[in-house]
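Quick one: this structure, given as structure tokens, is what I'll be asking you about.
For clarity, chains are labelled A, B, C and D in written order, and residue numbers in each chain start from 1.
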Amino acid sequence: MDRRQFVKASAVTGASASLAACGNPEDQFIRFISDEILPAGLAVSRRSICPLCPAGCGVEVRVMEGDIDVVRDGVAGVVKTGLAKKLEGLPAHPVNQGKLCVRGQAAIQVTYHPDRIRGPLQRTGERGSGQFEPVSWDEAIGELSSRLGALAESGGQNGLRMITRPLRSQRGFLIREFLERFGAPPAVTFDIFGDEVLRDANFQSFGVRQLPTFDIASSRYLLSFGADILGTWNSPVSQNIGYGDMRQGRPGLRGKFVQVEPRMSQTGANADQWVPARPGTEGFLALGLARAIMAAGTRAPADAGRAGALIEGWSDGLDAYTAEEVETVTGVPSRTVEQLAREFAENLPAIAVIAGAPLAHTNGMFNALAVNALNALVGSVGAGRGVGFTPQPEGLEPVQRGERTIEQLANEILESPAGAAPPVQVLLVNDTNPVFGAPPAMRVADALSGVGYIVSFGSFLDETGNLADLILPDHSFLESLVDHVPESGGGRAMASAAQRAMRPLHDTRDMADVLLEVARSLDFDEPLEWETYEDLVQTRFDTLSPPEGFDSAWIAAQFGGFWVDQSPSSPQPDPPAADIVPRAYSAPQFDGSADEFRFHFLPYVSQSFLDGSLAHLPWLQELPDVVTTAMWSSWVEINPRTAEELGVVEGDLVEVRSAHGVIQAPALIFPGIAPDVLAMPLGQGHRNFTRYASGRGANPIEVLAPMRESETGELAWAATRVNIARIEGEGGLITLAGALREDEELSR
Amino acid sequence: MKATYALYTDPESAKQAIVALKEMGVAQSDIVIMSPEPLEAYEFDPSEQETSMRWVAVLGGGIGCVFGASLPSLTQLLWPLNTGGMPIVSIWPNLIITFEMTMLGAIVATVISLVRAARLGRRLPEFYDPQVSDNKILVGIANPSDAQLPDVEQALRGGELKTIP
Amino acid sequence: MAKWGMAVDLDRCTGCEACVTACHAENNIPTVGPEEADKGRTMHWLRIERYWEGDFPDVQLKFRPVLCQHCDNAPCEPVCPTYASYHTDEGLNAQVYNRCIGTRYCANACSYNVRVFNFFNPEWEKPLDLQLNPDVSVREVGVMEKCTFCVQRINDAKIDAKANNEDGLIVDGALQSACAQSCTAKALVFGDLEDPDSEVSRLSGSARGSKLLGELGTGPAVTYLQKESWYESGDR
Amino acid sequence: MNLATDSRITADLLRPLLGTSGKYYVTVGLLGAVTLMGLVAWGYQMYYGIGLTGLNSPVFWGFYLINFVFWIGISHAGTLISAILRLIDAPWRRPVTRCAEAITAFALVIGGTLPLIHLGRPWLFFYLIPFPDGRGLWPNFRSPLMWDFFAINTYLLASTLFLFLPMIPDFALIRDRATGIRRTIYGALSVGWRGTPKQWHRLESAMQIMAIAIIPVAVSVHTIVSFDFAMAVVPMWHSTVFGPYFVAGAIFSGIAGLIIAMAILRRVLRLEQYLTALHFQKLGQLLLLMSLLWGYFVFSERLTIWYGNDNHEMPVFWATFTGEYAPFFWVMVACNFVLPLILLSNQKLRTISGCVVASCGVVLGMWLERFLIVVPSLSYRQLPYTWGSYMPGWPEIAVMVSTFAAMALLYTLFVKFIPIISIWEFKDGTHPGPEPRPIAEPRTLPARGAEAAGEAL
């Protein structure tokens, strides 16, 4: 379904077509009674929560009165209502303290996006043909209910499945309850670039299955192994705030920041020292530092406790990891190893961070454990000690992700015997796009085509939504009640909640309320006890202890936008009693032979689009990527010397080929990347994702090999080798900057 | 009107006619002369060699100068706006306007004085003969009294005699 | 009389670009689309310049947010024949959209190249237009525009201060430009340079402070605090 | 004064006015169409936006202002040269002055239009007129663009008058042999000219004064055009040499333009006996002189930059010297310096065709010079991050072509209604001219043109 058709389809329900039918409102100006009365010309401030990443930053919404075109009983006119105008950080919020990142600033365009689905749609053409027709909510919900009802009667509860993005709101809890009471397996969470490896590692080392919270502001040394702490990873805003204070917040004291990575990220650009190590050897380097520190005698192996015990040879001081050995393995000069070790041990509190590519290797788990051990060795772990874990509010803990992965689901569908009824009769898709986000090797698209009936709650027609049979568009976050339990970014347990900031623009419904309605019509044996999603959130929040001056946590949360645990933070849970299995270093395995495929392929999460879910926002498309200054395009980053050797100049169209796929993108000369590495940002290459992203650039995921992290089985997305060749054609690279260097000298 | 004149094909004979007319007591100012070219070498009318046009031009320049100096300065004071930290009345740039206006004044004044002095811009009097632009030189007098008429014709005999009754 | 200025701490700036989008959202800055962007016609009032230094592996990358410097001796102002560009009493380098006839002379004269021009009429595909900030006028084709230090916020703050503060003065920090407000690492600090106690005055006096292209003598109101290099644990 | 000769002169010089051939209408039609095309392009640009051009950030100025400077430069052919020649009373000037002054008037009109086409909002151009707006705000006289406004309009008015005054006697000449509507029109134009000694004398002294006044104006005009650039702190613009550099360049290109125009007139109007090899000799020498002067300015400009080695200016220097703009630079040097030096310094080569070839080269070279002044400096401004480049859009090219067509059109119409050589001045002077040939003068113009006249154009 191309854009034009889409607009047509959605228009019938939405205002525009009816407007066309009745002429434009200027001609026959009808003003309906205001939906919402606001002081004219003055701004009202309301609360919300940024939904774009798991950090869960508090948002202050600037709402002002405005006119919108509406159709009431077939009559076109305008009505006054409150409209969100600008998003700011919520000043008091523990996570983002009044700040908001570039993506959060752009989040407002999600609500006003011209290609938003304006009402329920039903597939008319072939699946995937993209042909839909509008239906009423009653029909739509009736259709879904009847199908589920049929499943329930035929005892095929197992035929209902759900895919969702990781949810840290009570929607996750609702989904779990819904599926459980229906009798279906738990939802599959899809988040290909997630941090499961690190969570598992943290559980192993410290007994907390959670991402850490860093006290960067008061640290004196920050050593990051490939973690994009200032860009996109974990809780970027709170980390940026801390970083600023670490630099200039303490008179006379300026912390040092070292970044270890083969391709200079936005984060790496800020480092005092940038250390390129061979991909996948970060853990080895970390242990090299640990060995040097222990050898210096300032720290004893025992100091690392359980985290150290998980590393083979730790208790004997890691003799294997001499600086020379580290140099041969990682390519980092032994001098540098010793220098880093000395500085790391001397400048306490010192923090070591690992995330991103280092964990996306076959030995990712080991790398994570090694860095955990390094932190533990210098005593940086624990509340108020650099690396901590934000306590989770009891009774409100987000649902842990299900055991099954999207790949297992896909296999189950694909392996079902031909002729037999498809194992998945009804599939619910909530705010996730596996068709775009999963490597082709996982064959997610094929699998979905074998599903009986697909229902999407998405607000936009993306690659996955395009395969849906029924689309029940959700509200945007500004239009609905939002709640969130941050995983990290604060010292105390907290939970955010906010009522809607504005009325829905289109004929959409809250996914949670839709589920509740469907549940009602299905009369479960033990029905869901909540009328609306608000009931659910309120009852859940009211289990929390109300803060000073409030008689309910729910009221407090709505009043301030968040609730923070006033009681002294609970001690860290003890590490699991399970017996300790020490891990030995194993060299990272790569898909593709080094002589056939010369280059390591490093896809990275884009500053603008994250994993691609934000590629539809024009502000972010036109945002010059800060390192490459590229806009509206995707690109392949090549070391200048490599490019010269290949006869490639900036903007040339090149072909990136792995054993599993091939993509084309313009080359971008990038001084900050190792000669044997090619990097490419995620996010572009959407086949079908609104007028702004469709058919733009290439998707690096398409060349990824289905390599596994050996212990967790997570996708090792940095373990693919590729080759590159210059080919004919327009590169289509669009950059803002005219020169690479400030002392750029022109040809003489 | 009446007029008696002759057309000459060469300046010499025209000059002679003029001299003859003068000798018989006709005032220079009464003698009408028209030529297709300046022919200043022949000094048909010495009284015209003096002119005050230069001074008119200078005067015009002066007026233009004053105008050109006051226009920018006064308008700048009228609504004082700071641009680039320059003084409100910025002498340097204003000098350029002043200069242009001065020159414009001088030129316009010159043209005006030309129009007035040369009695341009009025309809052609009846006393005119198109042959003048056929490279003939016209010498004659308007409204000669019957008394002097014969002498005049005598004086003009060098050329092709004509009269306007 | 206030004099508005900004301090940019390059040692804090992480290049996160929150300021860039915040500026778009606050000031109704249109997006121009790929074809126009390729021609170099993007409308960013604020950009983060990046410069590479050295070669792999000893390579460095420097970020520098560049916005209108609101120069006291702004080269862009006197060249405008219609006074569309002039200097306010509060040190703002103002652009009067209604008087702009689009000679684009100011954009040439500006050494920082922070003026952007509407080569076409801006478009907001409905309902994106509902997001437009009513406090900021939308500019038409042929008009030059630029950073205003969020003058609409300044005016709001003045009214607010008159109403609520007994001295009627704006409290330092109560007024922030959109970019400074969003700046995650607090690298951008906006405020009144006349007020000696304001943070921006304090920072502008810093030993690390310098002006961009200071040698041109444009007298910018923006001070850049240079990046520091690391010194071992506290000893200076 | 020789009747036969003078009659012959009158006949020859009036011939173009007498009859009109079909070819003429075709020429006018074609030129008119091309000119119109430019205006249509402008209309498109106004409707859809200035974005149709290739302009961008950082290159905010392009073809329109390049051609503006180019045509203002061409305009320095006429009035300035003829004024100088009048003052030094060079006898050979007489056949040259009018066609030179005509170039000035037309080039100024064309050049003056281009800045308006260049505007982002041309419909508001009247903001430039020194007149207060509704709130009593006047234009900003500190802006070089206002200086342009005053200088160009002064120069335009002055040159038009300077062109018109010596026409009056010729208008009278035509009046006396015309009938009907023509008689009325030329009668009005000749403002009652009779040719009395007073009128002749006043006219000549007026021309003297105007010649004196108009030279500084002409100089100031192109100095101020150069200020448009020199006032901005842009690499290789902010230079004190620009004033004289531009004036020299203007006269340079002006003379070249004049030589080309004269050669064409000579051919088309069969004026071989009036515009003789001597005139081309003289103008050729003048062109050579200006070429040397131009070379001197370019050298001193570039030497200063290179020696100063300012890190903001060197990128522009190298871009034009060895970089992406180098081809234009070296073509310019060849056209403006090498070619004229070879062709004009040598008596044998300084023939009419030699002069024309050199002039064509100079016109091209001077256009390139303006391009090299405007574009590279803007492409490489102080902050390397903002560097860019420029390719003209189709309206810019269309308008440029149409400016040349407009020039030709105005000139074609001019020679149809006005003797391109000042008849009375020519008769008055002593200089090489046609041999006497007694012929019968028609007392009045024939209704339809004679065959001879038919071939005239």
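Here, a residue touches a chain if its C-beta (ideal position, glycine included) is under 8 Å from a C-beta of that chain, and two chains touch if they have at least 3 such contacts.
As the structure is a computational prediction, the values presented were derived from the model and not from experiment.
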item	value
Joint neighbours of subunit C and subunit B, given as chain labels	D
Chain pair with the higher count of C-beta pairs in contact (C-D, B-D)	B-D
Distance between the centres, which are taken as Cα means, of subunit B and subunit A, whole angstrom	90
Whole-Å gap between the CA centroids of subunit B and subunit D	29
Subunit C and subunit D, separation of their C-alpha mean positions in angstrom	45
Subunit A and subunit D, separation of their C-alpha mean positions in angstrom	66
Multi-chain contact sites of subunit A, meaning residues that touch two or more partners	629, 736-737, 741-742
Where subunit B touches two or more other chains at once, by residue number	81, 83-84, 86, 90, 93
Residues of subunit D whose C-beta touches two or more other chains	58, 137, 139-140, 142-143, 146, 384-386, 388
Chains touching one another, given as label pairs in label order	A-C, A-D, B-C, B-D, C-D
Subunit D-facing residues of subunit B, complex	9-11, 32-40, 44-45, 48-49, 51, 53-54, 57, 61, 71-72, 75-76, 78-79, 81, 83-84, 86, 90, 93-94, 96-97, 99-101, 103-104, 106-108, 110-111, 113-115, 117-125, 128, 130-135
Of subunit C, residues touching subunit D in the complex	36, 39-42, 47, 49-51, 66, 75, 78-83, 99-105, 107-109, 111-113, 116-121, 140-144, 213, 216, 218
In the complex, subunit D residues that touch subunit C	48-51, 54-58, 60-61, 115, 118-122, 124-125, 127-128, 137, 139-140, 142-146, 149, 228, 231-234, 378, 381-386, 388
Partner subunit A, residues of subunit C touching it in the complex	9, 11-12, 14-18, 20-22, 24-26, 31-34, 37-38, 40, 42, 44, 47-57, 59-63, 125-134, 178, 181-187, 225, 228-234, 236
Touching residues (chain side subunit B, partner subunit C) in the complex	81-86, 90, 93
